[in-house]
Amino acid sequence: MIPRYSRPDMVAIWSPETKFRIWYEIEAHACDAQAALGVIPKENAEAVWKARDVDFDVARIDEIEAVTKHDVIAFLTHLAEIIGNDTARFVHQGMTSSDVLDTTFNVQLVRAADILIADMDDLLAALKRRALEHKMTVRIGRSHGIHAEPTTMGLTFARFYAEMERNRTRLVTARDEIATGAISGAVGTFANIDPSVEAHVCAELGLQPEPISTQVIPRDRHAAFFAALGVVASSIENVAIEIRHMQRTEVLEAEEFFSKGQKGSSAMPHKRNPVLTENLTGLARLVRMTVVPAMENVALWHERDISHSSVERNIGPDATITLDFALARLTNVIDKLVIYPDNMIANMNKFRGLIHSQRVLLALTQKGISREDSYRLVQRNAMKVWEEGADFMTELKGDAEVTATLSEAEIEDKFDLGYHTKHVDTIFKRVFG
Amino acid sequence: MIPRYSRPDMVAIWSPETKFRIWYEIEAHACDAQAALGVIPKENAEAVWKARDVDFDVARIDEIEAVTKHDVIAFLTHLAEIIGNDTARFVHQGMTSSDVLDTTFNVQLVRAADILIADMDDLLAALKRRALEHKMTVRIGRSHGIHAEPTTMGLTFARFYAEMERNRTRLVTARDEIATGAISGAVGTFANIDPSVEAHVCAELGLQPEPISTQVIPRDRHAAFFAALGVVASSIENVAIEIRHMQRTEVLEAEEFFSKGQKGSSAMPHKRNPVLTENLTGLARLVRMTVVPAMENVALWHERDISHSSVERNIGPDATITLDFALARLTNVIDKLVIYPDNMIANMNKFRGLIHSQRVLLALTQKGISREDSYRLVQRNAMKVWEEGADFMTELKGDAEVTATLSEAEIEDKFDLGYHTKHVDTIFKRVFG
Amino acid sequence: MIPRYSRPDMVAIWSPETKFRIWYEIEAHACDAQAALGVIPKENAEAVWKARDVDFDVARIDEIEAVTKHDVIAFLTHLAEIIGNDTARFVHQGMTSSDVLDTTFNVQLVRAADILIADMDDLLAALKRRALEHKMTVRIGRSHGIHAEPTTMGLTFARFYAEMERNRTRLVTARDEIATGAISGAVGTFANIDPSVEAHVCAELGLQPEPISTQVIPRDRHAAFFAALGVVASSIENVAIEIRHMQRTEVLEAEEFFSKGQKGSSAMPHKRNPVLTENLTGLARLVRMTVVPAMENVALWHERDISHSSVERNIGPDATITLDFALARLTNVIDKLVIYPDNMIANMNKFRGLIHSQRVLLALTQKGISREDSYRLVQRNAMKVWEEGADFMTELKGDAEVTATLSEAEIEDKFDLGYHTKHVDTIFKRVFG
Amino acid sequence: MIPRYSRPDMVAIWSPETKFRIWYEIEAHACDAQAALGVIPKENAEAVWKARDVDFDVARIDEIEAVTKHDVIAFLTHLAEIIGNDTARFVHQGMTSSDVLDTTFNVQLVRAADILIADMDDLLAALKRRALEHKMTVRIGRSHGIHAEPTTMGLTFARFYAEMERNRTRLVTARDEIATGAISGAVGTFANIDPSVEAHVCAELGLQPEPISTQVIPRDRHAAFFAALGVVASSIENVAIEIRHMQRTEVLEAEEFFSKGQKGSSAMPHKRNPVLTENLTGLARLVRMTVVPAMENVALWHERDISHSSVERNIGPDATITLDFALARLTNVIDKLVIYPDNMIANMNKFRGLIHSQRVLLALTQKGISREDSYRLVQRNAMKVWEEGADFMTELKGDAEVTATLSEAEIEDKFDLGYHTKHVDTIFKRVFG
């Protein structure tokens, strides 16, 4: 994560302040549950909540950790400084550090997922708005980068909408994957702590108790979580590539919004670079690269080793912060994307009607001309367009062998764009309901 | 895919025979739908079904493709040889190759997913059986490869069961992800074919119509599919690593089944290698490596480019065949895994009671001894165990300062394994219901 | 690997026939060395060479392996059938299977590297030829897909040449990485075999003895090997993307060669798809995906585990066969690439001289006009070009404030393409010597 | 990168201060070269060096960038504040931002490589020292985690030494890969700047001029660089896994150094966790995950797009900082690793001589006993050891059928460890010269 590609709300989730706050809540809720069980006195449990509104002193905790070399102990020591030793000695009873650390990590991931889902909602809204706006803005569809048949800009946006809606579902599933907590002890047997503590803490934090944990929550959950982020990132790349193509000089069907103030824009108006979507292409790689290590983290030795930890300390913040930034940036790009319908028409007509050659071919065969003859007829007119710059419809109308079969009106009909847009409504209904 | 790591049912899904059979069904169902629309004559649509029970001649199709350089045309030409040109010329009307190819690929992935889900059910059954069998077989739990607290072998199996049950859900979700078909034309506009054809073909093939496609079905679906396989593979590695550890000479708590006939086993009884689980570790890497290219496939140019195709021709069969084989192999390993409860006890007792030192420490503090003093007491006895090979309980009982606080019975209680297994029932209920 | 993307010479390296041939040579050379040491009789060593010209019967070996479940023993049994038991019992003495298997794998990788290097030489030759041919074929250089300054097609080819020449070096280094053999026994101590046997066998096979092996040759070598292939593949993608861009309809500066016979080409002359380079993009992903598992293979347990084996059985053939095919395909594409210099000029002039705006700006400032004023002058003329379709040079010549500073000749000079090509020679000298 | 896993020298390379310092040096050297060409006045070029000892004000540059939205312009503006506008206007003439940015990135990577190479030298020294120290410390070699034949701890260290020496070579090669600079303009044609400027700047910075660049230095170089780091990281994992295995409770042949002060160590002496090497396992994944995105960065659009940039802003610092930290941590681990030779012997003898069964088998056959009979003899004695806890040598000596063939001395000879260590010298000579 680097500041340039991050937004404050997501960054805040990964701050030491947030982490210690969650630690505290876990400990305090655990005390409540322990008190309910009679393991510790009720008044002590209540007293732990004295720190409810206190801002923990991160520097102080770091100072203590420098001595104890143990982060949870450092935190508990600092907590004791706030709530007093008499209360503090009842805190963390029967618990292991991992109970706190692992549950906290999942709380952070859940909160991160919530932001990502909200980001996605914003993106969906932008895509839908642009889809409706350009529902019937005709442009050429391309396969292999080559003109194929007409489509509309609205269908492009609608397609991205449908893809991102699937991604929203994936994010929700990913959130569920890691919305579990565990307070089950050193090897997951609840030897030193009653399962009801786990149940209470999880309920308070909006988590499900992990049905069976070891010292840690199983990492297949996290692998699935990061895999989902990787898919979302790949879809962002998909949209970004489309826009980069649309903005390239020879195409120029769209441009990323270019604020008036941005230097150099008007003396070199041809030089507006799709830097935001290029950047998104790179950010997608950064999110995607976290998928494999998250999967490598699944195979831990016996009841746990700590190899996953350094990986997660990095990819936890990095992947979520980068994806949050990327989603927001993409929303902004879509929202303000400058569309050039005239250029779309101009591009589509680059070969003066040739894109309709297949329809003409079909029309001839349907009128009973053999496939070979139809082909020959289309070909000889197409070649004049291709090689001599002629207009396809004009040539067809001037070819007696063609007009013997197809009337002028029939020829013109084959160039009708409405033929290609007749099901746009149907598709929009499928996508937007 | 290599034969050594493959099973026939999954391989069959990816055979040319299966592929052509699905192509045929798509074309024939499409003809029915076109006939219902009045686009082609009903009797011609019916006549296409004449090939219903014909085995297509793969060699013949290859022969034609060598000339036409186009696989779908080659197939249609061969089909015409069977059903006659008069019928054949109504086949494939208004369709593009991708309609057939992409829908077929998804049918194959759906069938592959069905096999994988069935494989997973077998694995779950084996894990459950072994979990119940060894529910109370005590062994030491380990963190960092170091003895921590007792757990049971049943909990280990139950843990893998829970993980694989999540993986089953992921496979079902993955199956849903790619259970769509598209017959929407060159750029997805249905310009040349009515959406009802797509609806009919998909219904017949057990697919949902893709709400909005281009020339192809969007690849975020496939990325999510392969990502799910990657998570499953990582879980397989997780189980494999556990068994490899259990079988290593110094641990020997379990062994892969070793058939009597296998050479060398009894002259070197110490040399039984966990080759199956080592193999599974490698197979997991093979499945996992397909995740990133599947994600790289998402960003296609405009309405499609064909960069994804060569990737999928490989990873489609490879990932599913390898995972099918791996799941079946793992089921077999779990099913026949030889468990050595005596060695588990021996390992647990390696340090003559030291694993209970924490409980003793806690007991002392709970009796009012200061943390420092408790620690000192435990430490001086622990050191005799560690350095001189003494027995921890004996030492404690012989330490007057200890016995001043803890009675013999209380000391013995701290060594009770029942303390660690008291919640096994609870956990099993969570996992198995 | 699938037949569609493979070439016979590389495939042959990975055939069972080749494998058994190498096994045989290792065994026979080892016998010679053992005879020289007096460990086995000279005549027996010589007798092993009786099988020198025999084609081993793969089906027979498979048959034996089905019983023995051990590939090397199966081979030795078959060898005994050929050279007789009396000779055969001296074969493989003191050796372990891995001595044979691991050394063989490296021989195969070395041979594969030799083919890849030869492929690269072909590609280099094609790139050089095209670079010289189009050394001065001017086209617009682009950053961000946006027109920047003129360059030449020859520089593009020369750039790919330089990149591939670096890749050639990387392939040679990669070859060296895995050109080692080991015949050092079960844990690499030479307990049962003299180091001189290893030395002799390696010398005969063109390998270096691995300075220190365990049961296996260390896998960092293989990781480095596959990483090199991954870099080469990424460079192939780099060239492929360039061509795909050049061929897209709106650019059309080049096309993959399209044979006359290919169906559909002339009735739809606009529809020639860059399918070869799209395919190369996908093949690059396939090669690249082998890098991470090859790296995961490095960490083996103690003196070896066999987790790497299943990975290598796949990625060994797959990565080399795919890369061989890709290099050959790319050479063919480059060799026959149809270049359209006229379209290059037309594209460059799309904005009627605007690409020279920066030079004009600079010229004005160099004549003493303030940066702000220069900018204003260029901007007002550029805007007429951009918004009204005017010609930039004409506008400048008609702008009194401009001509007050720059003469007509000076203005024209700023549009001189020679300015941009003046160092092409220098660069070509750097690249081609 | 997170502070926990980073060291100051490497972090400093990636600081804004270092970056601006390199930018400055590039600009100042470029001015010298421009002055030598007569493009700018000599005194102005000299005047640029006034800032030689100035610490640039990062906050001020950020402030300017917030307005200009362009980092290089912001820097140049700040530079002008220091050296004065009259001098500053000659700076950066004919250059593009990428000339500065790309060359700077390579300078940073070169410096990072230098640190990594020095780190590697430290690691090599530690490995060599420990190898020599434990050259003849016998322990059991293991394949598949199962006891195989004896080896020595020194051979293990020597093996890691040889592997890391190869990695050192790879780092040197990687350094060479990216030790190039480019000052070649917007599309690499040197249109606005003479190649001699590039030559001068590169010479001053210890770089080679990039033979042919576009707007950027070709990214295959960077891909190769990060691939090399990935291989090194994988080797670190290899060593880490070995140590983790050695430290696991049942093996206990070595332990990471455990400082006396570390809490909990002596009351639970069995609970010393190999957390450093577990951490290294995770760090290896973090470095390795940068390889694929670095390879994805190779394929840029035409003369450059900026998709690579966000990737490199992350993986540049992250991979080098993490690898530096990991190498230093590993050196420390190796340096202080506590070795337990007694436990090595105890482990080796776990099955009371069974590891020598193969030698006995061989000895019997060499004395003329048939393979079947030899096997039967070994087996019946081995089984007593395996199942009844007997001692293998004692059993053999008591088996009349065995002693009929092998004398007591001959039997004892088969248990001689010297047999296994006889070539340690040879191997050490190969590795250490």
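As written, the chains take the letters A, B, C and D, and residue 1 is the first residue of each chain.
Rule of thumb we're sticking to: contacts are C-beta pairs under 8 Å (C-beta built on N, C-alpha and C of every residue); 3 or more make two chains touch, one makes a residue touch a chain.
Keep in mind it's a predicted model, so treat the numbers as computed, not measured.
Colleague: Name the chain pair with more contacting C-beta pairs, choosing from A-C and C-D.
Modeller: C-D
Colleague: Could you grab the centroid distance between chain A and chain C? Build each centroid from C-alpha atoms only and quote it in angstrom.
Modeller: A distance of 33 Å separates the two centres.
Colleague: Report the inter-chain centroid distance for chain C and chain D in whole angstrom, where each centroid is the mean of the CA atoms.
Modeller: 25
Colleague: By residue number and range, which residues of chain A touch two or more other chains?
Modeller: Touching at least two other chains: 142-145, 148, 244-245, 248, 273, 275, 278, 281, 288, 292, 296, 301, 305-306.
Colleague: Report the topology of the inter-chain touch graph, choosing from line, ring, star, complete and other.
Modeller: The chain contacts form a complete graph, every chain touching every other.
Colleague: Can you tell me which positions in chain A touch chain D when the two form their complex?
Modeller: 1-2, 4-5, 68-70, 73, 244, 248, 262-263, 273, 275, 278-279, 281-283, 285-286, 288-290, 292-293, 296-297, 301, 305-311, 313-315, 318
Colleague: Could you please specify the touching residues of chain B with respect to chain D in the complex?
Modeller: The contact residues of chain B facing chain D are 140, 142-148, 244-245, 247-251, 266-275, 278, 292, 296, 347, 350-351, 354-355, 357-358, 361, 375, 378-379, 382-383, 385-386.
Colleague: Tell me, which parts of chain A touch chain B in their complex?
Modeller: Contact set of chain A toward chain B: 141-145, 148-151, 155, 158-159, 162-163, 166-167, 170, 173, 177, 185-192, 195, 209, 211-212, 214-215, 218-221, 223-224, 227-228, 230-231, 233-235, 237-238, 240-242, 245, 281, 284, 288, 291-292, 295-296, 298-306, 362, 419-424, 426-427, 430-431.
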